[in-house]
Each structure stands twice: as structure tokens, then as C-alpha cells.
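Got some structures for you, see below.
Paired with chain B in one complex and with chain C in the other, chain A is shared by the two complexes that follow.
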Partner chain A sequence: MMNQKTKAIYSVCLVLGILLLWPLISNFLPLSNILLSEILVFGLFGAAFNLALGYTGVLSLGHAAYFGIGAYTTALCYNAGVPLELCILFGILLGTAAGMLIGFLAFRGSGAYFAITTLAMSMVFYYIACLWISLTNGHEGITGLPKMELFIGIPLHSFVQKYYFILFVVGIATYGLWRLINSPFGKVLLAVRENEQRALTCGYNVFWVKWCSFVFSSAFSALAGCLFVVLFEICDTSILYWHMSGLVLVITLFGGTGRFMGPFVGALVFLLMKDKLSLYVEHWEFFTGAFFVLIVLVLPMGILGSITETLKLRAHKAKTTA
Partner chain B sequence: MVSHTVILETRNVTKDFGGLRAVNEVDFQLNRGELMSIIGPNGAGKTTFFNLLSGHLRPSSGEILFMGKNVRKMPAYERCRLGIGRSFQLTNIFPDLTTFENVRVAAQSRKRTFSFWSNWSKYKDVNEKAYEILNRIGLYEKRDHPASTLAYGEQRYLEIGITLATDPLVLLLDEPTSGMSPEESRQVADFVKELSQDVDILLVEHDMHFVMTISDKVTCLENGTVIACDSPAEIRNNSRVQSCYLREKIC
Partner chain C sequence: MLEIESSFLLSWGALVAWFAAVAGIPGVVWLQQIFLGLVNASVLVTLSMGLTIIMGLMRIVNFAHGAFYMIGAYMGWVIIQWFGNYWLAFAMVPVLGVGLGLITERTLLRRTYGKKESEFLGILVTFGLFIALPDLMRWIFGNSGLPFPTVLAGSLFKVQGFPFSMYRCFLILCAGGITFGLWWVLQKTNLGMIIRAGTSNQTMVEVMGINVKTIWTVTFSLGVATACFAGILVSPIFAVEPLMGGDILIQCFIIVIIGGLGSFWGTVITGVVVGLLLTLFPLLPGATRWADVLIYAIAAIVLVTRPRGLFGIEVGK
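Moving on to the complex of A and B:
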């Protein structure tokens, strides 16, 4: 019998192996490199969002702000000739700074008040992007970026090159998130999610714990935004609109809140549905919406959550009957 | 260093909720090595007084001193770090975490809140402390069960365990026997008595038998005011206490 740790290592190696080899086989499969890159980017965005929602129990409706700030910073800096690595770093820093400020203000309230405050703050950034036309080019957005290339000399011209770059960065970021969730701090997050009052009475400063989690969440969201620009070489106001905040919520709920890989599964299902359905029907959102309602009603733990719970239950039954 | 025989003290503490005065100019002292109970009819302000001591509420006026230090303005988490631990009247645990994690996360509180990278399981001292407390509250066997699946009585013990894990110097227990059978109450009484060897205890309780057997001292509150504070035997015979509260219960 393999113990849990070996099992986990094997499954991570398997998934990584498949992802590394994907470009070789993607021509024969209905999942292109570009779509898989997009799934990785939105999976990371969802994982960052999940840190706040699933692990800390904080519902933000304004995560588009951090994603958008990361994206706009990368696009603007790269256009100005800043090396791509630095563009991404600036994107993360600015996104994090926004998270610090918004978190500090929004955590004065909780629940619905918190959610609405984050939504309102994110819309402020949306309108700034719409109205500051000399900088952002308004609704048209920033297009025609120079060919993507890393400063260290690696070109990111083709989608295969971009795919490997995104896989590398998302891999490292995911590992970072995993370490965070399994750290002593990660355990405090769960305590705050479960019972804020009790965590307070255990000696934890709940305000700063939630704030820290929110700041980490915004930093990783900003990174996802940076990668979005690397992938599509475009940045317009739609990524700061509240639809984006809704999208990341839907992706996270699809996969299962509080499940580490849930958002990646959610992004896979959602973007695959969008990609395939939009070929045949104009209003594909109708079907994803209906599917979302179905998930919420039938599988409230999300797709991955329900699968793992069923497997756990089965293993438990097998143990008790044996 | 001045040694304080009084560990927890209030001076003229008052709490108003709008026009209602829930706690009225209470002067109170808990000495080192003492097990004190607070009794009083429903609505006497016992839990409000507890909330003032633990920092969940701030007094409208008056002072609260812990080991001679004024903690009136200190939030609940800082008071906990100083050594004021409390349990709640309604069971208050982390339902979806395992029994072990419930205690472990509390045991960790004094050490590393903002440690983001290291693995939690590597802190052997924290884990060992959690196991030791699980043994003490008799839940070691159920350490991997989600706390929500424990029986009611076990959850009450777990709650005391969580509080103990924060290394309190004073333990505030809010009705530890509420909802328990007489047999279970007796066990809790033994347990609390045993705990009082290591830590000073202040408890709010309705079960008179429980209070009278284990307390060194009893304080009686009525309408937010202290009407008596004495040994259990004296309290039993105090006419004011009898008239307000104990008549049908003891006599």
C-alpha cells in the first residue's frame, strides 16, 4: 500500500508529465496549447481567489481589480520597453499594493458589506481605465504590443513557447500557494474561516490574518493578470469589469471552494465549455449558466470536491467492511 | 518584581447597552490559586461580565486589571495572549477541523501566526502540546475525527481543551455543564477541580450542586450588581442571595 505522501507525489509527477508533453500531442486532441495556457492562467487566478474564499471564508467581488492591475501594468510597461520580467514584477507589486489598500478599507466591514466594498473599489479601477484614455486607450485597450521576449533572451513568440513559460510560472506560483496553505499561517486561515470569534479568543488578530490572506490573494491574482497579457498580447477594459470578478467566482465554485486544485478543474470545465459551445451557439453563456445552477444545486462541493468526497467515502466504507 | 496575589480585578466596572445597565459598578477580585464561581438569576449580567473580562465587550466605565496591568482597552486576542483564556456558553469550536487541529491551532497561537512558508507539521513542540491536551481531555482516540461529529459532551471538553492550549493563567468558563446530564456534570466538576491545581478559574454556572462543591468562593450578581461574595457555606446562608435566587434551589 502506498502512503498518502507517495500517492500525492506520483499524481503531481503524472500531471506535470502530461502537461510537459501536451504540445507534442495537442494537435490530435480537442484542447489546443493556447486554450490550455488560458486554463492555467485562469486556474491560477481561481486558486488565488480560493485562498480568500475557500481557505479564509472571505467573499470578494472585486478580484478583477488585481487581475486587471497586473495586466495593465505589464502591457503598459512592456510597451514602454521595460524588460518583461520587470513588467511582471511591477504588475505583482502594484496589484499587491492595491490589495493592501482595498483590504485595509474593506475589512472594516464583513460579509455583504465587505463584498460590496470590494466590488465598488474594483469598479473605480474600471472607470479609471475607461476614462484615462491617453494612458489606457479607453475601451479600445492596449494592442499591438512588441513581440514578447524575456530579457534573458528567450523568445515567447509562438503559443508553444508561451505555453511553457506560463506552465513554468504557474507551476512555481501554485507551489508557493501550496506552501502557504500548509504553513502555520494556512492553519490559522482555516480557523478564521471556521469560527472567527473562537480564533480571536485563541489569541489571533483576526483582522490582520484576513488582511494578509487577502493581500496574498491579490498578489497571485495580479500575477495571473500579467500572464494573461503575455498570452494574448492585449489588454482592454473588459478585464477590469465586474464580469471578471464573477468569472473567477464561477470558476472556483465549479471546481470546489477550499479544494486546492479545484479552481484548475473549474477553469478547465468552464473554458472548454465556452470554447466548444461558442462554435455552435451564439449565446453559450445560457448553457454555462444552466450548468452552473446545476452544479450549485447538485454538487455544492464543486466538481473536484464531490469527486474527492465520494472517493474518501468509498475508501472509508471499504475499510470498515474489510 | 511585585508579586500579585490578586490576578484579576475589576474596579467600578459598568456596562450600559443604551438605557439598560447590564453590569453596575462591579468591584471584584480573583486571587491566585482560587476557584471562584459567579451565580445569579437569568439576566443578572453574568455573561456580559465575562465578556468584559475577556475583551469581547468594552466597559462603559471602570477599570479591569490583570496581574496589576490595566487591560481595559485591550482587544480580546491580546488579553488571550496575556493569559486570559475563556470558553463559551454555547459550544464554540472549529466544526470542520479535526479534533487534533482544533487544539493544535490554539496551541500554535503564542508562537507563529505569520509564518508563511514552513510546513505546519514540523513544529513538534506545538504538536506534542496538542497531543498532551487531547490526552488530558480524553479525546486522543478521536483526534482525527471532524469536531462536528463529536458528541455534545465531547465538544464541551474540546472547547475547554482549545482554551487550555493557549496557556492561560486564568480560565474563564461560561457554564461548562450546560446541557449535560447529572453524571456528566459530576465528571466535569472533577475535571475542573483538577484543572484548578494549575490555573486560576472563574466560572459562571447554573448547577448549584456543582458550584457549591467545587468553589472556594462564590460571587452572586443580581441586576448587574454584586450582592454577595463569600465562601459557599456563607452564600448558602446569605438571606439576600436566598431571596433573589436560591430559595427554591437549595432550601
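Moving on to the complex of A and C:
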């Protein structure tokens, strides 16, 4: 019997191997490189969101702001001739700064208050992007970016090149998130999620713990926004609208909150469904919403959460009967 | 319920004075914008009151409120198609709204009560409706706006050639009536007393042997009915389309934040001020479209200085 750790290492290697080889076989399968890249980007966005919702227990409805700021910064800087690596760095920095500011404002309230405040503050950035036309080109957005190329000389012209770049960055970011969640700080986050009062009594400064987690979450969201621009070379106001905050919430809940790989599974299911369903069903948004309500009420652990729970239960049953 | 601090009244006053100081704009334009601002404010107040009552008592952030507002207008349209009478729709939509609220509460929200993190679940369920319902309406009625008959055409009176449209005056009156009606229900009836008591201490009300679940159902239905009523109220003058409840809902959230969760008069006063700001601010030179950003900025300032909102009261669980 393998122990937990070897099992985990094997499964990570397996997933990584499949992802690395995917472009070789993607032509024969209904999941193209571009869709898989999108899934990775939104999976990272969801994982960042999950850090706040699943691991710290704060529901933000304004994560579009950090995603959008990352995207806009990357697009604008790259248009101005800044090397892509620096663009992404600036995007992360600005997104983090916005997260710090909004977190500072919003954590003065909790629960419902926090959710509404983050939503309202994210809409500020949406209106600014709409109105500051000389910079952002309004609703039309920024298009016609120069061909993507890394400063160190690697071209990112085709979708296969972009896919490998995104896989590389998302892989590193996911590892970073994993380390964060499994660090002592991550344990404090769980403590805050489970019982805020008790964490407070244990001497933790709950405000700062939540704030830090929120800032980390916004930083990784901004990174996802930067990668979104690298992938699609377009950036318009729709990525700052509350629909985007809703999308990441849906993706995270589909996969399962508080499960590390949940958002990636959620992104896979959701984007694949959207891609295939929208061909046949015009009103997939209705089905998304209805499905979302159903998941919240019937499968609160999400798809991945429910599968692992069922497997665990079955294993437990098998053990007790044997 | 109403606790006004003089410093905050003063800051609002200073803001208004600053507006008044902007010269070069003729008085009639001001009057016109104030009138339109009041129309705006009426809608915002009618919607926000329902939100704040539901939020105060049930601690549910009702994201579907904007969708119910939109559905109110669509229900009105269907009734007008069947019976050809706007006033019938006007009378029937609030009643149907109660039914809609009843169904939503009984089938969906009731399942979230008493669960772990029920506050989150309430937000999530209504958020799902917020995504699904506009698309459902688009599915049934199409994406374009629906034409509504004009009612109460003509103007009540004119000031220097600027007409004060009859229907808009009627709308402001209706909103005023709803506000006082709700205030009366909250302050003078048994139900209102229980709602107020539940807002400040839920457990105590349960201990008194009152069936809180029923009160929640009634309150939610009441809130949905006001949202639907707002929908039918604005349908002759605003565009009726699937997304009509989206942006206005976020403005209402802002009002509830600034006014203070669960504070009735705080919400009403803030609603009027925000409605006026949205039409008056664009009069300033160079500020044509920045009014939306302004109200968010105000919300941010309020949150920093008074996290509970201007008129918010500390509420216990």
C-alpha cells in the first residue's frame, strides 16, 4: 500500500505528464490547446479566489477587479513596448496594491458587508475603464497588441507556444499557492475559517491574517489576468464587470471550495460545458445559474469534493466490512 | 431607528452647497435635474428598502432583488398583453410579487437556513438566480426592450417651458406612499414590531415563542413584492429589458452600505441623496459621466470613517 505522499507525487507527475504531452494529441480530441490554456488561466484565478473563500472563509464578489487590473496593466504596458516579463510583474504589483486597498476598506465589515463592499469597489474600476477612454479605449478595449514575445527571446506566437508558457507560469503559481496553504500561515487561515473567535482568543490578529490572505489572493488573481492577455491578446471592460467575479465564484463552487484542485476541475467542467453547450443551447447562462443554485443546495462540496468524499466513504465501508 | 449625527448632516449639506455654488447653470436646468433626480431616487429608495429589510432580518444579501425588479416589469407586460390595461397590471404585480417571493423562499432559501455558513449560502443561491433569471427572460421574451403603453401622458405643470410629466410626478408620489406604508408596517403593526425585534435579536424573538420562519417568509415576500412593484412602476418610462436589474442593484447595495445595514430611514435618506447626486453631478463642468464613480468614492469614505454606515446600528446575532 502506497502512503499518502507517494500517491500525491505520482498523481501530480501523471497530471503534469498529460498536460505536457497534450499538444501532441490535442488534434484528435475535443479539447484544443487554446481551450486548455483558458482552463489553466481560469483554474489559477479560481485557485486564487479559493484561497480567500475556501481557506479563509471570506466571500469576495469583486475579484474581477484584480484580474482586470492585471490584464489592463499587461496590455497597456506591452503596447507601450515594455518587456512582457516586466508587464506581468507590473500587473501583479498593481493588482496586489488594489487588493491591499480594497481589503483594507472591506474588512471593516464582515460577511454580507464584506461581499457587497468588494463588489462595489470592483465596479469602480469597471467604470474607470469605461470612462477613461483616452487610456483604455472604453468598451472597445485594447486590441491589436504587438505579437507576444518574451524579453529573453522566446516567441509566444502560436497557441502551442502560449500553452507551454501558461502551463509553466500556472504550474509555478500553483506550487506557490500550495506551499502557502500548507505553511504555518495556511494553518492559521484554516483556524480563522473554522472559528474566528477562537483564533482571536489564541492571540492571532484576525484582521491582518484575513487581509494578508486576501492580498495573496488578489496577487494570484492579477497574475491570472496577465496570462489572460498573453493568451487572447485582447482586454476590454467585460473582464472588469461583475460577471467576471460571478464566473470565478461559479468555477470555484463547481469544483469545490476548500479543495486545492477544486477550481481547476471546476474550470475544466465549466469552460468545457460552455464551449460545447453554447453550440447547441443558446441560453447556457440560464443553465449555468440554475446548475449553480443546484450545486449550492445539493452538492455544497462541489464536484471534486463530492467525488473524493464518496470515494473516501466507500473505502471506509470496504475497510469496516473486511 | 433614526440616529442622525450632526457632523454627517453637515457634510451632506456642504456637498449640496458646493453644487449650488457652481455658477453658470440656469435655475430651470437645476430644477429639471432635481426633478429627474427625484424620479431616480424614488426607484432607488423603493428597491433599497426591500433590500435593507430582508438584509436586516434574515441576513441574506438578496442578489436576486434586481432580477425580481425586472420580473415585475415583465409580469406587468404580460398582464397588459392579456387585458390591455396598465392599471390592472399596476394592481396585480405586487400581489404576484408576493407569490413569487413565497415560492422562492419556500423552495430555495428555506433549504439554507440553519446550515453551516447559512449567510454565504443565501448570497450564493440568490446570486445564482441573479445569473439565471435575466437569461430566462431573454429566452422567453427576446433580448430587445419591450414596448409599454404611455400612461398619464402630458404634464402636470410647466416651469419656464420645462414640463413636469404627470407620470413622473405620480411615480414620486407612489414611492413616497410605499415608503410611508412600509414605515407604518414596521412601526405600527405587530408584524413590524416582530421584524424590528428580529433584526436586533433573533434568538430572543424565538424564545418569546414566535415562529420566526413564518416571519421570514412574510418579510421576504414583502421585499420581493416591493421590488416587483418598482419594476411595474418604472416600466412606462424606463427601458424594460433583461439586464435592467443589474447595475441598479449595485447602486442599491451602495445605498444600503452608506445608509447602514438594517436602518430604514438611513436607507431612505441615502437613496434620495444618491438619486439626486446621480443627476446633479453631471451638471458640473467636465464631470459628465463620473457620477457613478463619485457614489462609490463616497461609499469608500463612509466605510473608512464609519464602517457601519451613516445611520447603521450595531446589530447582535
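As a working rule, the second predicted complex is superposed on the first by the 322 of 322 C-alpha atoms of A that agree within 3 Å, B and C clash if a C-alpha of one lies under 4 Å from a C-alpha of the other, contacts with A are read in each partner's own complex, and residues count from 1 in each chain.
In this text, a contact is a pair of C-beta atoms (placed from the backbone, for glycine too) under 8 Å apart; a residue touches a chain by one contact, two chains touch by 3 or more.
Please read all numbers here as calculations on a predicted model, not as lab measurements.
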{"item": "Side-by-side fit of chain B and chain C on chain A, or clash", "value": "fit"}
{"item": "First, second, both or neither for A:N205, with chain B first and chain C second", "value": "first"}
{"item": "Partner chain(s) touched by A:I142 [first = chain B, second = chain C, both, neither]", "value": "neither"}
{"item": "Comparison of chain B and chain C by chain A residues contacted", "value": "C"}
{"item": "Which superposed partner A:L119 touches (first chain B, second chain C, both, neither)", "value": "second"}
{"item": "First (chain B), second (chain C), both or neither touched by A:R108", "value": "second"}
{"item": "Vertex chain A, arms to chain B and chain C (CA centres, degrees, nearest 10)", "value": "80"}
{"item": "Touching partner for A:I166 - first (chain B), second (chain C), both, neither", "value": "neither"}
{"item": "First (chain B), second (chain C), both or neither touched by A:P184", "value": "first"}
{"item": "First (chain B), second (chain C), both or neither touched by A:Q197", "value": "first"}
{"item": "Superposed arrangement (fit on chain A Cα atoms) - minimum chain B/chain C Cα distance in Å", "value": "11"}
{"item": "Residues of chain B defined as touching chain A within the complex", "value": "54, 56, 75-78, 80-81, 85-86, 88, 92-97, 101, 104-106, 108-120, 123, 162-163, 165-166"}
{"item": "Interfacial residue positions of chain A with respect to chain B in the complex", "value": "179-180, 182-188, 190-191, 194-195, 197-206, 209, 212, 216"}
{"item": "Chain C - residues contacting chain A, complex", "value": "55, 59-61, 108, 111-112, 115, 117, 119-121, 123-125, 127-136, 138-139, 246, 250, 253-254, 256-257, 261, 289-290, 292-293, 296-297, 299-300, 303-304, 307-308"}
{"item": "Residues of chain A touching chain C in the complex", "value": "57, 59, 61, 105-106, 108-109, 111-113, 115-117, 119-121, 123-124, 127-128, 131, 242, 246, 249-250, 253, 282-283, 285-290, 292-293, 296-297, 300"}
